[in-house]
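I have a structure here, written as structure tokens, and I will follow up with some questions on it.
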């Protein structure tokens, strides 16, 4: 299997994640979509790293995974906060910045 | 010497205008002003003597508007035969009027008197500057300044609505003429390259002034003269100008300022001679004005308005003479008229001051109470009526001779009719004021019996009466070299016409052989027309209200609602556009993600194309 | 058809299927479980790419940690409201279109790009290499990452603290 | 010549006092006023010194100062004045000095008010003295921008009349309020300055991108096609500030809403900035385009004259009358410039000066009347001359100057312009110009009579109003004095003007 197969797979998963981010009403659902997208990126990183014989991509993947953890923690905290203040977890109910 | 003539009044003006306590003190200010006027008169006499002796014009100019060639316009003085004698008239009448005003305005509060003399000094300066102007620019400057003084003095009692309205009306009407004058000056400058009277005269004499387009120029200049000298239809302001104090009417609206138009045409006669069509117009309008104003004067009951219409009429005479090509005759009448009309106004002022009304039907039988006033007024009246031995006879005869010699039969007949009416309406005033029993007993509003005016007012009257007589007798004896020999039948005819007018007035108002009412009715529709002043006023009001104000309102509306409206529509569209665009800012984060995604897709699409 | 190809396709189908399930299922809880499956599948991909360490981290941190946290969060919030969380979708068509066009363009670009067909030997054990890199070249980012994690944990616990 | 950078002192003295006021003037009203007076007096002294020391025989640009700012782009702080700018500097100094006195009674936030006013003045001075186009533009913007705050904060709102055709649009934009006026003015002027900037950059690039200096650009002969559109850009850009039709509507609203000193400065000086820009940059740098477009400039100027006068006749609000009269009088300025004759251009520059003083006086007096009577409705007031004789006399003198009465500065300007108009290629311009002058006499005297000289109003609000007092007199006396002085002795201003207009016209090849 060549590099392009991995990249294609990652692209598919990224697109699916993007779709989820754009369409999910629930904030947690959006977070899940983001996880998918990040995951696709990780696949890309590892694939490139492996096919170019350079370990940097893998290191970055480690970083990415760690940061994702932080992001999820914060994201969920925000969701809970949102829930407390607005009684909703629906992202499209939150439009304070409406023009 | 000439500078003294100009500098004295302006110094007095500045002194009184700038030193407020002096101005507010009233009578001291008046004394300073009179002293100044006396000095000016003295200087004017000396100037006259000097010019007479030198027998050559004295001119001196300073640069006023510099340009790259040195001077675009200058100011200075030009004292020649005409201007020297004219400043004599101006300073004399001005001096006498200032003395007279001291008595006439004695009831006014001190600051008002001070203000009055400020205006008087400014007027004296401007009028003298006008007369002595060596060029058209200075003439125009002073021309406007005398107009300003006229405006200020007519509106002297500005708290009276009619006075402030009359002041504005006078300014506007003369200004309309001045627009013409200004255009004329500008055009003439382009035409000849100079403003200077001397140069213009030389050029005209040498045939260097092109005749093409000159008629327009002279016509424009004539417009200015017509406005100032109250020629039909721009005469409407002069009767209303009687709202000012009577001495002012005597000085400005009879003897000096209103004659400025005539003076201008006399000055420019050499130029007008090149445009006979315009001269013809001047003559016909002049004659028409003379007759029309005489008719209107018969229909007035206000003594000052009678005199005002009479002034308009006499100005018409002068203009006709100029139009006929005999400017000197017009100028001569200007001088004699200046003296006796000032006399008449001041006499009328004495009467008004004594009885407290302007209405001749409320007067009557004043001859016994005010004998001196009656005598001087009679002198003036006889002079105006053109009775031999009096100043007016000569000048009027000269005008008639000139018009006849100019071949203008129509204007000649009109002037003759005017002369008849002049005698009639003036003696109507004399009889109604001084002789017959008052028709309305309530006239004497002062609460005490009317009596002759005090010394300050009496002295000027006697001086002017004497001057009238002197001029009349002097010239009768030393008949001046006339430009035209009058036909032998003219003097008797003119005298006969005048006496006829007097007789009719005597029969109607003194003996009451002829019923005044039926006489008036006999004139038929003319009476109605006269009562309305030929509707000239109404025509002007219609133009002002109907055309100008409507146009202004229209333009104002267009400006606010179209020009500015379009701007505001653009602005409103921008605001609504912003409002519309605002709605795409939903505040929902996913919509933004959608947009970002679409954007990324677009960028990728573009990248793909470049691969 | 080598084992590698078969393995890849199996994993690919598994991944895509579970990912689709994540974004399409109506039940939030199920979504999370499908995500766990997808993450595990990703770990499989990592294994195929000979990145064992990363596969381990993936399973431990993601499939283990993250999913657990999410589940906790859901449970907590549902307890807070007392109802089940709705889990519907919006603008499916627009989102689908954007995502599909995106995918199409990406695949098109991939198809044209000259990409390496075979793997290059790493020269050593990737795990060891990662460890070396983290302790040498990426030491500073690594430390910063630690700080970041600490800060975000503190921040999360601050944000989600019980109401006073 | 001394070693002192007089032009810089002139321009920056107000700025320095503005800094002082902002730094130390908090709740010290006396300090604020005296510092402002000091700053403007320094400028006045500099202006008089310049006037006295300008070498008329040598003519040209004098008192040269230069300090390179960005050498690589040819931007330098380059100052000098010629006769025309000398007169404008003098005008600005007079107006701002009077303006400081006229706003002595400002109560709200006087610290900021004076600081902004002085900042504005620095901008105006800077425009008149700078030779470098970049610096010119910088100063130009400094002169325009404080206006927004000055009107928006210290202005006064008039009646709101959202009606008639496009009434909905007025309603939306908030016509009549001071915020509307401030916004309109600022947007309009910035819209104009965009054109100016484009024009300047075009010339800069066309001349080889080496120097922004006016002197350097003057030496370049630009391509006629470029000249043509750059001239139009300058004409629109500066013309908006000079209130050319149909871009004049900011002026009535802006001037009516602005506080006294701001109206004075804006109508008195800033509008001249526009005309100055057209003459200095448009005519000075683009000789061929000037001849090409003179017909347009002159014809629009004629429209301005008559249209402005008629609009003024239709107004009921005193400030609007004065503002529209400015529109009309700026037409005279533009007309004089468009005649391309010596007398016409002299008349234009003189009219800038005369109208500056005149309108400054008008707005000062209107401000006083408004302050005392709290009304701007012409036909509700009446007979004020008995209560405020000083204001009445001054207003009458201003009015007479406005209608071109000889012995006031207004006449000289109009007369010269008329001479120029008839001598120009389009001699018919004379007639609208003269008619405009006549219409002016109609509306001015009407207003003067209605407010001051007519019968006394019976409205209880208008009884026992005080005359001008204290410092207010100073402003009036300065302005009336200048108006009459330059009317009686026009050579004082005409001589320096002439030495700078003649070379300009020679460059145009019309002299």
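Going in written order, the chains are labelled A, B, C and D, and every chain counts its residues from 1.
Just so it is clear, a contact is a pair of C-beta atoms (placed from the backbone, for glycine too) under 8 Å apart; a residue touches a chain by one contact, two chains touch by 3 or more.
Given the structure is predicted, the values throughout are model-derived calculations rather than measurements.
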item: Between B-D and A-C, the pair with more C-beta contacts; value: A-C
item: Chain ID, smallest distance between chain and overall C-alpha centroids; value: D
item: Centroid comparison with chain D (C-alpha atoms), farthest chain; value: C
item: Interchain centroid distance [CA atoms averaged], chain C/chain D, Å; value: 69
item: Distance between the centres, which are taken as Cα means, of chain C and chain A, whole angstrom; value: 7
item: Computed distance of Cα centres, chain D from chain A, in Å; value: 63
item: Between chain D and chain B, distance of the C-alpha-averaged centres to the nearest whole Å; value: 36
item: Sites on chain C at which at least two other chains make contact; value: 90-91, 94-95, 98-99, 102, 106, 113
item: Sites on chain A at which at least two other chains make contact; value: 18, 22-24, 92
item: In contact (per the touch rule at the top): chain pairs; value: A-B, A-C, B-C, B-D
item: Residues of chain D that touch chain B when the two form their complex; value: 161, 164-170, 172-173, 175, 184, 245-246, 249, 307, 310-311, 313-315, 342-343, 346, 383, 385-386, 400, 403, 405-407, 411-412, 415-416, 418-419, 421-423, 427, 430-431, 434-435, 437-439, 441-443, 445-446, 449, 453-456, 490-491, 494-495, 498, 502, 511
item: Contact set on chain C toward chain B in their complex; value: 90-91, 94-95, 98-99, 101-102, 105-106, 108-109, 112-113
item: Complex interface listing, chain B residues touching chain C; value: 590-591, 594, 597-598, 600-601, 604-605, 607-608, 611
item: Chain B residues touching chain A - in the complex, by the definition given at the top; value: 581-590, 593-594, 597
item: For the chain A and chain B complex, residues of the former touching the latter; value: 18, 21-24, 30, 91-92, 94-99
